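Heads up, there are several structures right after this.
One chain, chain A, links the two complexes that follow: it is found with chain B in the first and with chain C in the second.
Entry: the complex of A and B
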């Protein structure tokens, strides 16, 4: 019998702990400073590594003289790229990254030499004695240059510096556009931004010469993938590598791949037989980046007079920086994310990702989403104006609903998207305000969605996506072993809530053991907003498996059929007669006496839709979260400065397992989007040097920049999910730039299309001047100058 | 992020401070709140052998107002303590505003006015306000004290008039004339923890019972390596009643003498545009303090 006997309660969706804002399990430690992060780790015999960072973005390493550093008192080892030359990449696609540069430098700040010493100061002083002779090559600093420099290749194998291309076509876009009543087209540039996590990447590698095994402590989102990367580059079997993830000070996707520092530390530790710590400064963290891809987009949308969308034609050029990273996935994700949240049947996508001598971007929160939403949501507003339909109405006309099947294999099994649109429009009085506020004041709307984990795995693809094991006994309570990583988003708390709900026990009775490859079973990791949905399923299944064993004992004891039992308030009782009960722990004890400790196991793999077309493995998901947003702004007519006064958001995350955490995700997601909209950008000069590798010049928003937030979780329950919940970590970041850009248009009548919309850009736009800047040479990749055209 | 090793010294009084400074000369750095110094020491470059902590010296931490001599602020006085003095908000509003914008509460609790001046960053907030309020600094050293206006003390980007063995003792702001008001306005792209891109401080004195301007001073910040005292522009105001045309002439004159940099944060041209807006806004605010309403 594997039926959930609390079935009746679940059907009426009445829960004791799921749906409650229980405090974060790790909250006390984080607030009081007890929480240990990677850089806090202090092992016996610890040594410290520092890296010599390249002063040029593109060049040939002619000579490295590290003799003086090697002899510097206190230095234990010196390492160069040749010591650890095996290239790696995410999923092994076009591997080019190495622990340290081998022969060639391809981005500013790339590591060339590393030293390990008895303390940080000695390591730094030793680096000052290193002499590196680099023959500088012409750096490629824009995506356009990359495509137009056939004789200047960053990687020899990559013709025209192309990293990946992607094409998709559903329906007949040309025909649909020709027949459409209204066509809008525009080009956009979304900037390169960084996650700005508060904890720069840090690693401690501890090689054990006696066992010939290594333990690696690193703030990483995907411990099991990290194991594979380390195994491949330093030539050790996967099972000899134990990865432990201490507390993580934010990831936002930027920590979902190996930094070169991890491999450097592993190599050095194995060389000297002592633990090695390597912590990046903020500058190094920004050189490594793995933030959001800068992207040039050209978009055409076609509509009928009644507002129904007919076609979407998008071409994009992604600035990929020096390496592949998650770029392949981001490129396809933009394609996938344009299919929703509107019912469009004719879709064409043409995407290219090119190498440049710049920090490599990766899979930052709402990856692909910010780029797609910025273009699509801006064009929706342009179309609304042309059609004479309120932007809110236009979105409602085209919004997807539960059961919608895209022309691709993507299927929306649950959606409360329309409720989100209605909620923000009503709360903000959007329909009455839009187009009617005084000059300088504006209101703008945008919407979006995100997947709750891909249907297909990118690595270890034959495995379950998530697995959980549970041990229940009176010695430790209920102990869950699960591979999911809490990077601050609260997965440990949510997973614990799910286990508590199944057992009917309070939070303090659950231990959650995760983030350690020795103890936790394989998990696909924290990315793509998959933890609550994917790992949540696995934890629930494991708990049900264990509970079934406890019920068997309780059933015999009570003389009640097991499937008629329920768990609540640490009691197991008959669903028909609450007085026939046994204490939960008493039943556990009975089981232990008779059959020993209770173990349960469970896993989860999403349904994998059939169908075949290029890029199919990216996009399908078992569940999608939705968001609708409205920004109210003030634009200073003299300086061009945009101030967001109020922000409305409505989220469909199904059932909010922990509403306070959901609110945190929404507000944090909006803050991240607001930063990109207004102030954030990694600036690279003509020589490929990062001009703002610090949090003084790379500006993430402060609380002072945040508007008053009015957020609502709309009523919803996704029946395909463990307890009705789906993603909320990424969707809210996607539409923010567009909402603000639409509001600025409403305020001053100019449409900004290049991020970030700095005061100077708005100022110039209001005066009809074009922006200037290094990255601002916009391209016409698809179409000539944007115009609204009525057919 | 580590601090390189150094020897920490904490003199008991200014006498000991002077002798430590003369002993160690260039090898020593004064530590007041450390909010600039420690940040700089953590990045390559600044590696003093001795760090001399003055934060415990009462002699340098006083804030005293006298109706005749004015406001005397010890160089190590904390920014937050200065802000808390009612007289500062009352009589030296531009200074109060310039401090209020610095960093966040934690920074103002640690940071000192002397540190803000001696650090001599072109983007520092208080110097333009101090210049517009005609503040002077007292420098102490083995050879005796020297006094000079703030605009002479700050010599360039990270350069001051301090000579070997000298330290900044205090800052004196004269008592403002009757019927005067002041304001500090700055432009920044982020709402908090942010330094100014352009800043302007204005002090105006009006004729008694009249709206005519008797005297004015204007200081421009972040549009050159040091604060610029825009005396010629300020003179245009004297004897006039404010009008939009007049202010435009004045703000244009300020823009003409400014020398903003042109970098990735903003173009020089745009900075000049902003400067003009700020001159007009700061003047308006200072003027309203005295006249009660706008022009």
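Entry: the complex of A and C
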């Protein structure tokens, strides 16, 4: 039976709390300083750990002498890699990471020795007494070097330093390109950037010797996956590990896997039987990275004269850094993201990910999207010029619509993508401005999409992806237990809104208990833009389950069939006669009198379409969010400096459950893309040393870098979603680099193909000097606009 | 040599034993338990540790505790009075200038410092005045909205806040 068949207001999509810009439920705590983040935690008997970081990127550890540190007054324990040598990785795919380096160091800043002491100062002083002897090996610092150094292997099992490969072919690309009227071809380089969350990773591990259990407080996006990583690495049963996620000071994907510090702190805490806190400095946070993969792309697109796209042929080489991380998924995701948002039927992909002696990239907002969009959207503009079709028209000709089926098994069940394109084009007057602005001024368009949670997830995909339990009683109101993690995107607020909507009660009557593996049921966590759609379904289903039980009591009391009841403003009434009603809490109380406290449960797993091709588990999603964007830029003709003057964006996130939060996601997402486009890059020298491990030289956008923003949420409602909403967290970041690159082309007639677009690169390009390959011979430093010779 | 310093924080006197190299941020967070002041970089780059000293915004992670004696220090904990939010706190909350919240105390203290010096800043002055605070979540738009609303007097009556709800 459709539990919701009588929910008539929902059928006409008229809601009380869904669709309202309710302030963040935890907002009061955040504006008053009450909100507790991991590093704010203070436990009885707390001790503090510090880590000795490798000064070289590649080498054999010959000797570690930590005797003096061990005997230093106030030091409680010293640990080296051999104490906790079990390797781990995301979902155990090619596990090579360890709590501390074992025998070999593979990236600059890798932990070698850890010390726990009664305070941080003593821990730091003790580290000074540690003597480590490392025999340096030749570091591999570019992806090309990695492939061409058969005798210099970072991990012995990885021939030619290859981590993963991926190949896909749909249709017949060679044939389609041969028949195409216009073919464009270009190579691109997207740089390595960092999540840049303002809260460096922090952990408190609290081993309880009495129970032989451990509680771990950590700013992490995936508490249930973290539990498994800890279990495997420190040899404790999963159910003896409780993970609690305090407030998370930004994640953006970078906090979706275990940092070595978590395992180090767990090991030390178990060793000394006291809580251990380990908070990274900004430098360590950048050494651990887990940001966006640097990527070399080579793309060919074929079009017919009428502008219809015929073929897409892409090969990529990902610089994977020292470990696997989320690399396997990023590699396949780039492939999957080329199937949309345009109707292309012949698609070929050839991807490789290699190991280098650099900080390991992982997941970062618009995971795989920045790389794919930068290449595809740039080539779209190149094709538009050759075809003599306006770039906006070319995108409209090829844009997907509701019901589109990709050549893979991916299906778009809802899309308002064309509305997005129309909205930005109209607001910016794109058609009239493009190609007609004075030299130095330009306008550029790009577009994209993102999935609302994978149909298959790397981890625990066979179980329900989200589960929620709800308890309703007069003692605590409605209390939702759900594993979804709020990393600042607002999931706690959105989930509470969904529960309130089902019950027809105000926000203050809902408690949301999440981010604790003891209290919250299993959830796949905050990744892949899945929270609103996936966990939102689970919360709604749980609330409907509880409501049905309340309705049964109310129905008997009112003499109205349960199917004809509705909840609004804390009243349960007949949909036909509003005067036949009972107070919501009165009905709850009646239920408690007769049957006790009300419990509801619900879960959600997306439809899982079965394909028969390599990489089939990556790409399918129950819903896709879409975005269209336009940048207006000014290029300084003397210096090459690019200034973004105005930024237009239109989002299709279905129904915006909380419009102000959606706008916040879009504005923040665009800001992150803008940083990568113009100023951000992790700079590594020939020795593999990170040259900008701080927020002074690793620049993220400030207020001064932001253009005026004009964003619109286009009207939409995805009927497959809990309340019509779908993802918005990632799509907006993807096309930003391309929109700016296309605008620079419009302004000065040079096509930049390497990120970030520093003044130097623009300057050289304007003078006809080839800038490509700079990152191979030398290191470009975006922040200083200067070039540093290789060491 | 450690020494005892008298600090006036949020209108209360505190006597603390500090080392000469100890920062004000470390003292308020670790010794006094006021963890509302955040640390994002500890090098004066991100602004999360911003506090007010004699009404002006300062980076507490690069301010020495020993140099703060005899000054009027206000941390994020000192803005709310008797459960009533300061207008800028209320505005940041209502305009959704807060997402993850780690930069928020610093953003609020910087805005407070800016408004102390210039109660009616123009948009351009707000952009410059807030440029020392990194926020990775918001893209700054909603922070601008909040500061502008306070400057425009939208929060003059200092409405009391009832948690975040409704």
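Heads up, the rule we're going with is that the second predicted complex is superposed on the first by the 768 of 791 C-alpha atoms of A that agree within 3 Å, B and C clash if a C-alpha of one lies under 4 Å from a C-alpha of the other, contacts with A are read in each partner's own complex, and residues count from 1 in each chain.
The rule we apply is simple: contacts are C-beta pairs under 8 Å (C-beta built on N, C-alpha and C of every residue); 3 or more make two chains touch, one makes a residue touch a chain.
Predicted, not measured: the structure shown is a model, and the values here were computed from it.
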- Query: Between chain B (first) and chain C (second), which, if any, makes contact with A:691: first, second, both or neither?
  - Reply: first
| said: A:759 in the overlay: touching chain B, chain C, both, or neither? Say first, second, both or neither. | reply: first
Note to self: Per the contact definition in the header, classify A:628: touching chain B only (first), chain C only (second), both, or neither.
What the structure shows: neither
>> Quick check on the superposed pair: does A:670 touch chain B, chain C, both, or neither? Answer first, second, both or neither.
In response: second
* Between chain B (first) and chain C (second), which, if any, makes contact with A:40: first, second, both or neither? -> second
**Message:** After the superposition on A, what does A:639 contact: first (chain B), second (chain C), both or neither?
**Reply:** first
Report task. Could you look at A:703 and tell me whether it touches chain B, chain C, both or neither (first, second, both, neither)? Result -> both
*Return first, second, both or neither, reflecting whether A:252 touches chain B, chain C, both chains, or no partner chain.*
second
Check your understanding: Thinking of the overlay built on chain A, is A:683 touched by chain B (first), by chain C (second), by both, or by neither?
Key -> first
Between chain B and chain C, the one with more contact residues on chain A is chain C
Dual-contact residues of chain A (chain B, chain C) 281, 696, 701-704
Residue set of chain A touching chain C in the complex reads 21-37, 39-40, 42, 195-200, 247-252, 281-282, 487-490, 493, 506-508, 660-661, 663-664, 666-672, 694-696, 700-704, 706, 709
Within the complex, chain A is touched by chain B residues 1-2, 4-5, 44, 187, 189-195, 264-267, 270, 273-274, 277
So, in the complex, the side of chain C touching chain A is made of residues 29, 33-43, 45-46, 48, 75-77, 79-80, 85, 89-90, 92-96, 98-105, 108, 126-128, 130-144, 161-166
Per the touch rule, the chain A residues reaching chain B in their complex are 119-121, 124, 279, 281, 638-639, 641, 678-679, 683, 685, 691-692, 696-697, 699, 701-705, 758-760, 763-764, 772-774
